[in-house]
Amino acid sequence: MIRVAIIGASGYTGAESVRIILRHSEAKLVYLTALAEECGEVGEVFPQFKGRCDLQIEPLDFDKLSGLADVALCCLPHKVSMGFVPKLLEAGLKVIDFSADYRLKDIEVYEKFYGVEHTDRANLESAVYGLPELFREQMKDAELVANPGCYPTGALLAIAPLLKEAVVKTGSIIVNAVTGSSGAGKNPSIKFHFPNMNENFFAYGVGSHRHMPEMEQIASQIAGCDVQILFQPHAGPFDRGILSTVYCQPKAKISSEKLSKLYKDFYSSEPFVQICEDGPAVKDVAGTNYCHIFVTCAKGRIVSFSAIDNLVKGASGQAIQNMNIVFGLEETLGLA
Amino acid sequence: MIRVAIIGASGYTGAESVRIILRHSEAKLVYLTALAEECGEVGEVFPQFKGRCDLQIEPLDFDKLSGLADVALCCLPHKVSMGFVPKLLEAGLKVIDFSADYRLKDIEVYEKFYGVEHTDRANLESAVYGLPELFREQMKDAELVANPGCYPTGALLAIAPLLKEAVVKTGSIIVNAVTGSSGAGKNPSIKFHFPNMNENFFAYGVGSHRHMPEMEQIASQIAGCDVQILFQPHAGPFDRGILSTVYCQPKAKISSEKLSKLYKDFYSSEPFVQICEDGPAVKDVAGTNYCHIFVTCAKGRIVSFSAIDNLVKGASGQAIQNMNIVFGLEETLGLA
Amino acid sequence: MIRVAIIGASGYTGAESVRIILRHSEAKLVYLTALAEECGEVGEVFPQFKGRCDLQIEPLDFDKLSGLADVALCCLPHKVSMGFVPKLLEAGLKVIDFSADYRLKDIEVYEKFYGVEHTDRANLESAVYGLPELFREQMKDAELVANPGCYPTGALLAIAPLLKEAVVKTGSIIVNAVTGSSGAGKNPSIKFHFPNMNENFFAYGVGSHRHMPEMEQIASQIAGCDVQILFQPHAGPFDRGILSTVYCQPKAKISSEKLSKLYKDFYSSEPFVQICEDGPAVKDVAGTNYCHIFVTCAKGRIVSFSAIDNLVKGASGQAIQNMNIVFGLEETLGLA
Amino acid sequence: MIRVAIIGASGYTGAESVRIILRHSEAKLVYLTALAEECGEVGEVFPQFKGRCDLQIEPLDFDKLSGLADVALCCLPHKVSMGFVPKLLEAGLKVIDFSADYRLKDIEVYEKFYGVEHTDRANLESAVYGLPELFREQMKDAELVANPGCYPTGALLAIAPLLKEAVVKTGSIIVNAVTGSSGAGKNPSIKFHFPNMNENFFAYGVGSHRHMPEMEQIASQIAGCDVQILFQPHAGPFDRGILSTVYCQPKAKISSEKLSKLYKDFYSSEPFVQICEDGPAVKDVAGTNYCHIFVTCAKGRIVSFSAIDNLVKGASGQAIQNMNIVFGLEETLGLA
């Protein structure tokens, strides 16, 4: 039985991790932490867990944690996380980190987009980017996994076969995506106040979203050459899901049938990726760890669509998939 | 042309008042005020008015206001309003006040439910309760109209004929109501954060909502005897509308047909009340000043349903209907 | 491993049953049936199961079924079900029936509310009403369980302690409830067309809903005397959940504290019932088999609130809870 | 007073036209028609108009129509409309046609995308494309206006300045758009059944949507050269609005400031187009005839966003704007 600590358990990805671990047959929750003002019984902090989990959410105490848990799901925010991860590793835990702090290998890019100095370069170097469909092997010995961003997960799965097989020009990929509102996190804001977000739809982060360099770094790694991506996110009036619509220019003419076969072959042994015959719908993957993909040609372009649940495959589900890999468990445990 | 000032224009009822006055043929906006930190061009504060209104929202200046406007729609919060209304009246304006400060004639009840001392008893006494279907005549000479609460508007219209005609027992009326989320106002909160309110439905204010004594006071006035109401509000995942489901015990057996006729007669000359043949839907009245009502018998009880838009008939629309009455204009101007 | 057949697998309760059984550790799907025109691979009929279940949904063949399965979850509509249940029982299966056909013991009431002759009186008599919190013992030997309606489940759990302990007058209970739209089923209709149902809220079935006699029958059984219920359903713009607000008259004065204790004692060993300190929210139980209840006093009445997921505790989840009981499994398997 | 007939008044664009004309100070409804099975009092067919309009919706009778009305808003479906428009013109009415039948000047393209022979080539030739911001002058003498599609309205307003000023390459424009569900029309369907559409988001019409050739025709006309557009529509869970996100390649480097100035100049005298400083939101234009636009540069591309209400600026509002132009009225009447 893997013993799981959730660091920063009071937010949405923490709650989603709790939900999944509660029905994981070979992992159990042993320790949940949050800032002092957000602590309490799990069932008080999250009424949906009333009667389902009798742990307390409590302030993090490294002395207590050491020896108590085998792995930490670290759900802390960007910039905060890198202050805690080294200590979690020192305490002997494997760490799956949800923040962006260990994703961007180029420190300059990190510091530009996140506006702070990176304080844990040592671990940054050894961290593995936790997209199992592409980096499963590297994760098997990892001490620290950088769990991917929600948008990069959806976008990269949508175009990985094109990049790997060098089917498309890499200078002008457009990723147009829309997220449900849980992506905004738990803190109330004017934009996500119900009377504003309901019946609404808008673009944000034009040309500046932090997931853009993350996509480019991993896409370049997959393609083996520099990949440029214009990423444009939007917010829609629903809870869960990201739909990515990706536009690429093929290097040479290719049929929709060939594209579909390429994708089916590429993902043939992946438990959580499904290739569809038509545009995927976020509702079909909501609450699951699945990614639905459809690829086709239109007006001389390749258009690829992917749908994921931003809180599951885009965060907590993928983290637990990664945890399963790191500990040598069946990869789908708790997620099927 | 009636010159309208909106005091407290930066909230939802202020915006809704702007929207309605903009297409009122005999009234125009001349002055909009808010707290300093919420001021600016109307089109900046409310992007929906971009290009439609070139006024500034500015901090209230009584010297400037005096002589500039004929009427103030006072959209300030409870407790704050009674600090401003006397000065607005002194400045020579008629006032339609949206707060609860001038609705409850019994000062003890006010002070119990609102937790503060009432500081303007003089005007409280002369204020007219602005439900035109019942108090139209009294409003014609009024200097100060207390615009009704949204829930009381829906509930009182649903039961006024029963009370007026003494059809029901007055000791145990139950008003079960649900409101859309705009009723919560403009400030973000955990309850009305989109990821919490979306796909949700819950009761609140059990046994303690401030609109309960307001309903009871006016219901008692209509009935000519003490009326006891158990009022239970709920919040639902939509923007606009209140559906009230009211359960009463008839004094004597009465048929659904007779009830329907009673209501049709009672409201026969009312421009904004429609008697339906089936349960009304909030979507049919959203964005309008109409109230749809259906009344019937079931299991020995009378059940009466009403639907209104909480921001229009439940607030700004009714205020402008009242303004039309006070100034002797056609009552439906700007609202048809 | 319990082998499960789902009869009528192409509707919402069928899909929800598939979802739950897929992660049940001691039950597995072996046979899924539907009308010929709704058959196909599970992942085609329900894209959310793409890659998660390789069964076909096929037309029902009793020869094939016999010996293949241990239990049938019969998700057929009212009136249709009683034509199939006898054959399922004859084929040696235990049956959990989702329809109303085996719930109403009084045939006259059934025939009045459902408008057809009952054609399987023999099994009607022996069927056990599948509300485990009240009839767990009777289910242990049952061949046929009549799975309760969604509204009766919510309402009965909200008032069972009051009835059992004879705390309230039984002549005038009011159940005001609201359901999410999945309760309307899979077939498109004008009422539930998105542009009509979205941003809407309305009452329906005034004085005539078929769940009213079902509530009254079981409530009377619990109370040991005749119970009269006025049941008023509403539809709201969300997918899942029923919130019931129940108004009762106490026989004698009782405090909120005593009520709360009464409920906590009554449900102390129930795995799926939680007593809350405030009004429950449907979102907290969505996707789970839990029922959240809050009870209090207001204006001389007892008001009790319950929240369930209409597709889980109100249908498929409760059916699988019942299946677990019938087969002597741990009651929470697949549902925790 | 312009006398208005609405042909095909029983659908969403018919209802929206009724709503707008009801508060138009120089136009009035005189005749409403629909298929026999959809006729009745306006307030019965559309409960939102109960008490607001006492006309009947009745089957179309050309004898009755002739002399009764000055203009027909023809809200019939594609392919049906061209059977009626010639007769409406012969009856002496001006016609604003909502269908696609008079939009595509190239008959081959029409017949390919709509799958039928065009039966009214004479009027097709003289019809004016009713996008006032670009073709206002041509409309002033028009007998027949082809009211634009909802998607083309949003997309063309978003890129017209770029095309007119030859700022962008015309070979590879991408229009990524999302519509609210009212765009699907009034007839229930599986896709737009509330439990399917709610909490959902998906792409459709990949590479084949009928609005693509319409966009290309008008864009080419504006640019004075062939324009190729890849148009990808999506459906989102809200009632009203289209957000278009358009990606173009600039011919030469251009700053965001210059782009913004270009747009402000281009639309400086347009009453219904507003240039914003950030991404527009559909909720800000819902229920209005306004189009909000934001244009900027990102990663070497020009990205232009527009938001409209698909039923107003995308259909009925624009039709009435066009009607105002045709009859020499102030263009904003009924729409401000």
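To keep things simple, chains are lettered A, B, C and D as they appear, and every chain counts its residues starting from 1.
Criterion: a contact is a pair of C-beta atoms (placed from the backbone, for glycine too) under 8 Å apart; a residue touches a chain by one contact, two chains touch by 3 or more.
These numbers were taken from a predicted model, which means no experiment stands behind them.
Colleague: If I average the CA coordinates per chain, which chain comes out farthest from chain D?
Modeller: C
Colleague: In terms of C-beta pairs in contact, which of B-C and A-B ranks higher?
Modeller: Counting C-beta pairs in contact, B-C comes out ahead.
Colleague: Need the CA-centroid distance for the pair chain A / chain B, whole Å please.
Modeller: From the centre of chain A to the centre of chain B is 46 Å.
Colleague: Please tell me the distance, in whole Å, between the geometric centres of chain A and chain C computed from their C-alpha atoms.
Modeller: Averaging C-alpha atoms per chain gives centres 36 Å apart.
Colleague: Can you work out the whole-Å distance between the CA centroids of chain B and chain C?
Modeller: About 39 Å separates the centre of chain B from that of chain C.
Colleague: At which residue positions does chain B touch at least two other chains?
Modeller: 196, 198-199, 237-239, 280-281, 283
Colleague: Which residues of chain B touch chain D once you look at their complex with the stated criterion?
Modeller: 22-23, 25, 43, 47-48, 50-52, 199, 271-272, 274, 276, 280-281, 283-285, 287-288, 290, 292, 336
Colleague: Considering only the defined contacts, which chain A positions touch chain D in the complex?
Modeller: Per the stated touch rule, the residues are 172, 174, 176, 178, 180, 196, 198-204, 206-208, 228-230, 232, 234, 236-241, 243, 245, 247, 278-283, 286, 294, 296-301, 303, 305, 307.
Colleague: Enumerate the contact residues on chain B facing chain A in the complex.
Modeller: Touch residues, chain B against chain A: 12, 181-182, 184, 186-190, 192-199, 237-239.
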